[in-house]
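After this come two complexes, each holding chain A, first together with chain B and then together with chain C.
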Partner chain A sequence: MNLLDNTINGIHILTIDAPQLDYAAADDFKLGVANRVHQGADRLILDMTQVNFMDSSGLGAVVACMKLVGDPKRLPLCNVAPPVLTLLKLTRMDQVFLVYPTVQAAVEALQP
Partner chain B sequence: MTMVGSRIELRIPGNHPESVRLLGVCLKNLSLTVFDPQGATEIELAMVEAVNNSILHAKPGASDIQLTFTLSPRGVEIDLQDEGRPLDPGILEAAGQRWDFDPSDIQNLPEGGMGLMLIKKLMNEVSYRHENGRNWWSFSKFHPSATLTQAQDTRTTIAGP
Partner chain C sequence: MNGRTSLLLVDDSPEIRLLLGHMLRTWGYEVLVAGGGYEAWDMIGREQPRIVIADWIMPDLDGLGLCKKIRDSVHPGYIYTILLTGRNDQESLIQGMNAGADDFIIKPVNLEGYNELKARLRAGERIIQLWQALQEQNRRQVELSDRLAIAHERLRRELETAGRMQRRLLPPGGSRVHGVSFEWLFIPSACVSGDMLSFFGIDENHAGFYCIDVAGHGIAASMLSASLNQLLTPEMDGRSPIKRRLPTEPYYAITPPVEVMAELNRKFQIDTQNFQYFTMVYALVNSPLRTLEISNAGMPYPIYLPRNDSAYFLGDGGFPVGIIEQARYESIKIQYGTGDRLFICSDGISECTNPGNEMFGSERILNFLNGTHAMSLSETLKELENVIKKWNGGGDFEDDVSILGIQFP
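Moving on to the complex of A and B:
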C-alpha cells in the first residue's frame, strides 16, 4: 500500500496509490495515515481516485483513521468510485464521512 | 480452477489474502454475463467478504478454501467450504440486526462486524452449516427478472452439525 503526499493551502492530500483498499492492504493503510498524523498532518483529504474496490476491512481502516483525527472535516474523502460509495451507503458510513467529487472541491470546503 | 458447463470450481489458499482480490475480479466478470455492473459489483463485494471471513477463521494448516460458482437461469449460486473454526449458529441470523451507531460519535464508530451484514444485504439467500469439520456456505443472487417470490428478500438458513 503506497500513499502519495501533496499539500495544498496547508491541507495534506493523501492519494491511495492502489486500485483496492481491502483486507490485505488495511493495516498498511492505517499505519501510513497514522504516521502522517503523528508527523503533524492535522487536516487531510483522502483522494480515492485510483480505488475501484473497497471491502469492509478497508472501510474499517478508514474509520480507524477517522477516529485518529477525530473530526470528519479533518479527513474528507474525494473522487470516490461508485462501488466504494455503495459500501459507504450500505454501512451508513456515508452519514459519517464528508465526500467531495474532486480534491479541489474538498480543499475549497475546508478553507476557513 | 475447474470449469464444467456453467459451473466453475476454484480453490483459494487460506494463508494468502492477496489472492482474494483476484478472486473478486474473476467473480465480478463472470457475474457480468448475467447481471448489470451494479449487480456484478454486489456479488464481488459479498464474495470477497465471505472469503475474508473464511481466512479470518482459518485454522493453522487448514486446506484451501473451495468455492463453486454456478450460473443458473435465475442468477448465480455460490457454495463455499472451508476447514475453519465453526461459527456461532446464531451469528448469521444476528448479523446486521444490531448495526446501529451514532454517526456523530466518532470515537465509538464500529470498525468491524460488517462482513456478514453486507453479505445478507447483497445476496438474496444465505445459508450456513458446520458438518464433518467443515463450514459450508451457500449464497444465491437472483437476476432481477427472476420471480418476485424468489427475490423478495434475503432468506437465511442455519443448520447445526
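Moving on to the complex of A and C:
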C-alpha cells in the first residue's frame, strides 16, 4: 500500500496508490494516515481515484482514520469510484463522510 | 573437549613420527601416531582426529589411498588432510588433490619447512572451524524449522477444533420455527469464521433470525462472532437484547429489530484499541400476522424472492454496528406470502472473485435466485454453493461465505 502526498493551499492531499482498499491493505493504510496525522496533518483529503474496490475492512480503516482526525469534515473523500460509493451507500457512510467529485472541489470546500 | 585440536600423524618412519610428533605437540596439538595406512584408518574410526598428516609413500596403504578412504566415508566432523611428499611437481599435486587431500607439503627438514607446515596447519584449522560453525548453524536451522513445523501443526489443529466448535454454534439446517423453514450455507475462509447466523422461536407467535459478518476474518473476527452468538438468544437472561422480562403481563417484551441494533451499537462501539465492527441483519417474524420486520446494519441487501414473481433487493441498508455512536437504524415491514423466500448473503459471496479477478456481485446472486422457483430451498442453497465454488475456481475462499435461506409458510 503506497500513499502519495501532495499539498494544495496548505491542505494535505493523500492519494491511495492501490486498486483495492481491502483486508490486506487496511492496516498499512491506517498506519500511513496515522503517521501523517502525527506529523501534524489536521485536514486530509483522501483522493480515491485509483481505488476501484473497498471491502468492510477497508471501510473500517477509513472510519478509523476519521476517528483519528476527530471529525469527518476533516477527512473528505474525492474521486470515489462507483463500487466504493455503493458500499458507502449500503452502510450509510455516505451520510457521514463528505464526498466530492474532484480534489479541487474538496479543496474549495475546505477553504475557510 | 580440552580445546586442543586432535591430529593423526601417519608415517612409516619411526624417526619422522618421533621428531615431527614432538614438534606438533609443542605447537599445541593432541597428537596420535600411526605407522601405516591401515593402522591409521583404524585410528581414524576410533579417535576421529580433526587433522590427518600422512606420508605419501607407505608400504601397505599409502597416503593417497588413505585420503581416498577418508573422503569416501562419512565422519561426524570434517577431517582435514595434508599429504607429506618428497616430490614437488604439478602432476603429483593434482593426483593428491583428486584423492581428496586438502593440502600438500614437502617433508620438512629445516626451520623454514617447519614454519610452513605450522602455517598450513593453522589455515587448515580455520577451515575446520568454518565447517564446524556451518554445521552448528545448519543444526540450529533444522531444529528451528522442526520446532516451527510442530508449532504450526499444533496451531492448525487448534484452529480446526475451534472451527468445529464454531460450527456447532450454528442451529441445524433444515429446521422449522413456527412453520418458517431455515437453511444455511457456511464456508469459513480459514478454519474459523467471522460470520455467524442463527434463528429461534421467541414466543409462540414470533420467530427471530440474524446474520452477522464481523469485518475482517480469522481468529479475532471469529471470537467476536462467537460471543455475539452467545449474547443473541431469546432467553431472558438480562443480557440478550432480544427479549426482555416485564413486571406485568405478559411478563416479557420482544424488542423491535431497530432497538436490537441500537443496543448492540451502543455495546460494541469501536475504540482505539479494538477496531472490530460488524454488519448484521436482524428480523422478526410474526406468524399469525404473517409479517416480517427486518433491519439491516450494513450487510449486503437481503434478496426477497416471491413465490410467483422476480427477486428483488430488500431495504436501503444501514450503518454497520459499532462505528457510529449516534447511528439510527431503520426497519421495513412486509407481508409475506406462502412459499416466498428470503436470502441473506455475507459479502464473501458478492465479493468472491473468479481467476480473472472479476467479482461475483450482488446482481449475479439475484439473477441466479430468479431461476430457482422450481427448486426446494435446500437445493437452491446447494446449487448456489456449486456456482460460487465454480466461480472461485476451487481452493479456499478469501473471505467467509455464509447464506441464510428462509421460506415462509
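Basically, the second predicted complex is superposed on the first by the 112 of 112 C-alpha atoms of A that agree within 3 Å, B and C clash if a C-alpha of one lies under 4 Å from a C-alpha of the other, contacts with A are read in each partner's own complex, and residues count from 1 in each chain.
The rule we apply is simple: a contact is a pair of C-beta atoms (placed from the backbone, for glycine too) under 8 Å apart; a residue touches a chain by one contact, two chains touch by 3 or more.
As the structure is a prediction and not an experimental result, all values here were calculated from the model.
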Clash or fit (per the criteria above) of chain B with chain C on chain A: clash
Contact breadth on chain A, by residue count: chain C or chain B: B
Chain B versus chain C as contact partner of A:D71, first or second or both or neither: first
First, second, both or neither for A:K89, with chain B first and chain C second: second
Chain B versus chain C as contact partner of A:L59, first or second or both or neither: both
Touched partner set for A:L21, first chain B, second chain C, both or neither: neither
Segment of chain C that clashes with chain B, given the candidates 5-13, 23-31 or 293-301: 293-301
Common interface residues of chain A - those touching chain B in one complex and chain C in the other: 23, 53, 55-57, 59-60, 63-64, 67, 90-93, 96
Complex contacts: residues of chain C adjacent to chain A: 213, 215-217, 270, 272, 275, 277, 279, 298, 300-301, 317-320, 323-324, 327, 347, 351, 359, 398-399
Residues of chain B that touch chain A when the two form their complex: 17-18, 20-21, 24, 38, 41-42, 44-45, 48-49, 52, 55, 99, 101, 103, 106-107, 109-112, 114-115, 117-118, 121-122
For the chain A and chain C complex, residues of the former touching the latter: 23, 26, 53, 55-57, 59-60, 63-64, 67, 89-93, 96
Residues of chain A defined as touching chain B within the complex: 20, 22-24, 53, 55-57, 59-61, 63-64, 66-67, 70-72, 82-83, 86-87, 90-93, 95-96
